[in-house]
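One structure is given below, represented as structure tokens, and several questions about it will come after.
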Amino acid sequence: MWRKIEEKVFYYLMIISTVSLGLLLVLIVATIVYRGLPYLSWEMISQTPKGGYYFGREGGILNAIIGSLYLSSGAVIIALVISLPVSLAMNIHLKRRKKLVNGLRFILDLLWGIPSIVYGAFGFTLMIYLGIKASLLAGIITVAFFILPIMIRSMDEVMKNVPLSLIESAFALGSTRSEVAFKVMVRQTFPGIITAVLLAFGRGIGDVAAVLFTTGYTDNIPTSLMQQTATLPLAVFFQLGSPIPEVQNRAYAAALILTIIILVVSISTRYFGKRFRKTLIK
Amino acid sequence: MQQGKISIQNLDLHFGKHHILKNVNIEIPENQLTVILGPSGCGKTTLMKTLNRLVELEETVKINGKIFLDNEDILNTDKDVTEIRKKMGLLSQRPAPLPMSIFNNIAYGLRINGISGRRKLAPLVEKYLRQVNLWDEVKDRLKDPATRLSIGQQQRLCLARGLAVNPEIILADEPTSALDPLSASIVEKQFAELKKDYTLVMVTHVLRQARRIADYVVFMYLGEVIEQGPVKEFFENPKMEKTREYLKGAFN
Amino acid sequence: MALKLRKFKDQFSSLWIKISLFFVVLLPVVITLSLLYKSMFVLETNGLKELLFSSVWRPLAGQFGFWPFIISSLWVTILGLLITTPICMFSAIFLTQYSSSRLLRFMQPVIDILAGIPSVIYGVWGILIIVPMVGRYLAPLFGIESTGFSILAGGLVLSVMLIPFILNVLIEVFKTVPVELSEASLSLGATKWQTIKFVVVRKSFAGIISAFGLGLSRAFGETIAVLMVVGNVVGLPKSIFDPGYPLPALIANNYGEMLSIPMYDSALMFAALILLVVVMFFNFLSRLAIIRLEKKA
């Protein structure tokens, strides 16, 4: 009898836990929408802060939106230049050297685990060492470090499913390794690469701790890599710290904008992920 | 109407849209060894798992028909499914020792059934390990994880584990196919002995093995029972064309 | 000619690959060494023991005792893990052992989206929901006055952020348990719940520990969300309703003054080094355990 009661109790606890996951997501998004939506206006997303913005006057956070897009795109491009060859090498050139590849995966997983604030601190050190000032460029480099392992491991996960026979038959046709890499592997895993890029882009755009030290903050939209830049998460964070209610409200609106961007990125990541599973030859 | 210990009547089973068991009727005689023969994929494993209702773990499964155990329909009943499962020990193709010590592998089922305390458990564990001739091999390392045993020993441990909960029936799904020849013959010999006290149902695709130990044979093909009968009759005088082909090795 | 071009392309890409590989392997080493190098200054003047275990925090006087920050970090991390553990375990067991595969497929995007929400959003949500909840309801329940900005708020926000992270690992871990094991247990007359308790969880034990090990290192380094709700007051917290000041928050809050006070930058880089070492340590062990597990499966 006791056995049955115990099982029932835990069964309901499990259902409650699982349902609460869904509710949690709804609650978080609803909170952000509820607080942000009333203050979200065309002005918010089409203008940079005007004089007196931080006292509640006109303006928007276009500088932060554009800044974030620049920052994350730049970082993704740089990270791609390094991550693509590494993941290709792990799955073509070094495919037969299992130990080495697994060692690399281990290092990458460790890198993935390093908190972004540590990347931020490292980026700051590097910045001073190289004599660069806080700028879009410094931010891009720091975020690139931080998303590098994410990108490599995500691409690696799809590339390692490409069957050896496909690669070998390409070699048998006399292709060089770089031709196999780009003509076979990249083509075969293209949606997977997009997924990895989107995932990294989302991480890059949402992170504060890595860019806190390195991008500075400005009300202008940067016109060169050496200028400082605002980012969306920082805009949320800074405005929320203001004692003026109008400014705080704009922080909520900014949070909503960030949430929308992230949701769009998340959903397109899934979309490509799904399409990918269908097209992959197993 | 029921002649055997177990009587399977008009059993149909679907996985989603796939019709896996088709109007299966089998009478399994008491205290004998029934062998189920058939090419792979014909539904032997599914049939075994239907008997102890493990097949219900599959999401898409739909079952129709009746299975009587001692005149009680065990498919369509409100009775606790664990009570039904307890009556049938299951031995799978690859031995599946539980992630615990050798001792606890046997004690597990006993504890589940309400026997506790080392003083009560120890003699029972010894008894069942002796019954499968494993005691002398493991008596000095009862605390070792069961996974350290050889595959053959693991399979005997699994058999002992099943016996410990006092089943009436033992279901074995190709129990010797993963074993080395020596362990296989030990397990096979034990099966021959167990007939005295248990009703045995065993899947195999080794014809020689079936011939050696079976009392009753059921031949299945593509989810249907083609032929069943006492072992002698089945092998020496098969009635169906399909059976004759199979015995000639046409499907292997 | 065409052949030469192809050869050249191949050589070029080989070089590119070698440089990139080199870069990736070197990165963790360079990060660690550069933080260590930066910390040397404060390490030489204050000594490791003093830095780690002293509670005296007077940057202007050159005294950097990290103990209060380390304690805050531990409190928040452990609290976050404690709260998240039952939710993650129950959900992972439900989704892998009880529910239909359709529900699992439906929940996967929910988990992924939760995982993708930026820290700062969790922080905003924490300020709007968790902080008032702690300040207005939970603290008075214990007869304590609290602004709500507290260790508990930090732990709660962290626990929510950890859910998708740990849950994903747990689901993978439970999926590796062979069905035959559950079947063996069930056929001995065990109920489903007994089977889960004694066989499935037991079989996945190493994996479960690893999942929480990864969660722990994630929690230890989480910065902005915790910073926003934890209060950021230097001192040893006496209860979970007191404000705290974890290490990542310390670094993030003071980067502005970093260069204007002597040795301050070195001290903050030392804080980053502590984070790095702790996180790497737990990650290392957990990953190792997971690899072992996969090999066995």
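Per-chain numbering from 1; labels A, B and C assigned in written order.
Note that in this section contacts are C-beta pairs under 8 Å (C-beta built on N, C-alpha and C of every residue); 3 or more make two chains touch, one makes a residue touch a chain.
Since the model is a prediction, treat every value here as computed from it, not as a measurement.
**Q** Most central chain by CA mean?
**A** C
**Q** Per the contact rule at the top, check every chain pair and give me the one with the most C-beta pairs in contact.
**A** Going pair by pair, the biggest contact count turns up for A-C.
**Q** Provide the C-alpha centroid distance between chain B and chain C, rounded to the nearest whole angstrom.
**A** 48
**Q** Using mean CA coordinates as chain centres, what's the gap between chain A and chain C in Å?
**A** The mean C-alpha positions of chain A and chain C differ by 17 Å.
**Q** I'd like to verify one number: the distance from the centre of chain A to the centre of chain B, where each centre is the average of its C-alpha atoms, in whole angstrom.
**A** Averaging C-alpha atoms per chain gives centres 53 Å apart.
**Q** Could you tell me which residues belong to chain C and also touch two or more other chains?
**A** 191, 194
**Q** If we count contacts the way the header does, which residues on chain A are in touch with chain C in the complex?
**A** Within the complex, chain A touches chain C at residues 3, 6-7, 10-11, 13-18, 20-22, 24-25, 27-28, 31-32, 35, 81-83, 85-86, 88-89, 93, 102, 104, 106-111, 113-122, 124-126, 129, 145, 148-149, 152, 176-179, 181, 202-203, 205-209, 212-213, 233, 236-237, 240, 251-252, 255, 258-259, 262-263, 265-266, 269-270.
**Q** Inside the complex, what are the residues of chain B that reach chain C?
**A** Contacts found on chain B: 49, 52, 54, 57, 59, 82-83, 85-86, 88-90, 92, 94, 96, 98-100, 108-109, 112-113, 158, 161-162, 165.
**Q** Mind listing the chain C positions that touch chain A in their complex?
**A** It is residues 6-7, 9-10, 12-14, 16-17, 20-21, 23-25, 27-28, 31, 34-35, 38, 86-87, 90-91, 93-95, 98-99, 103, 107, 109-114, 116-125, 127-129, 160, 163, 167, 191-194, 214, 217-218, 220-224, 228, 248, 251-252, 255, 268-269, 272, 275-276, 279-280, 283-284, 287, 291 of chain C that touch chain A.
**Q** In the complex formed with chain B, which residues of chain C make contact?
**A** Where chain C meets chain B, its residues are 100-101, 178-191, 194, 198-199, 202-203.
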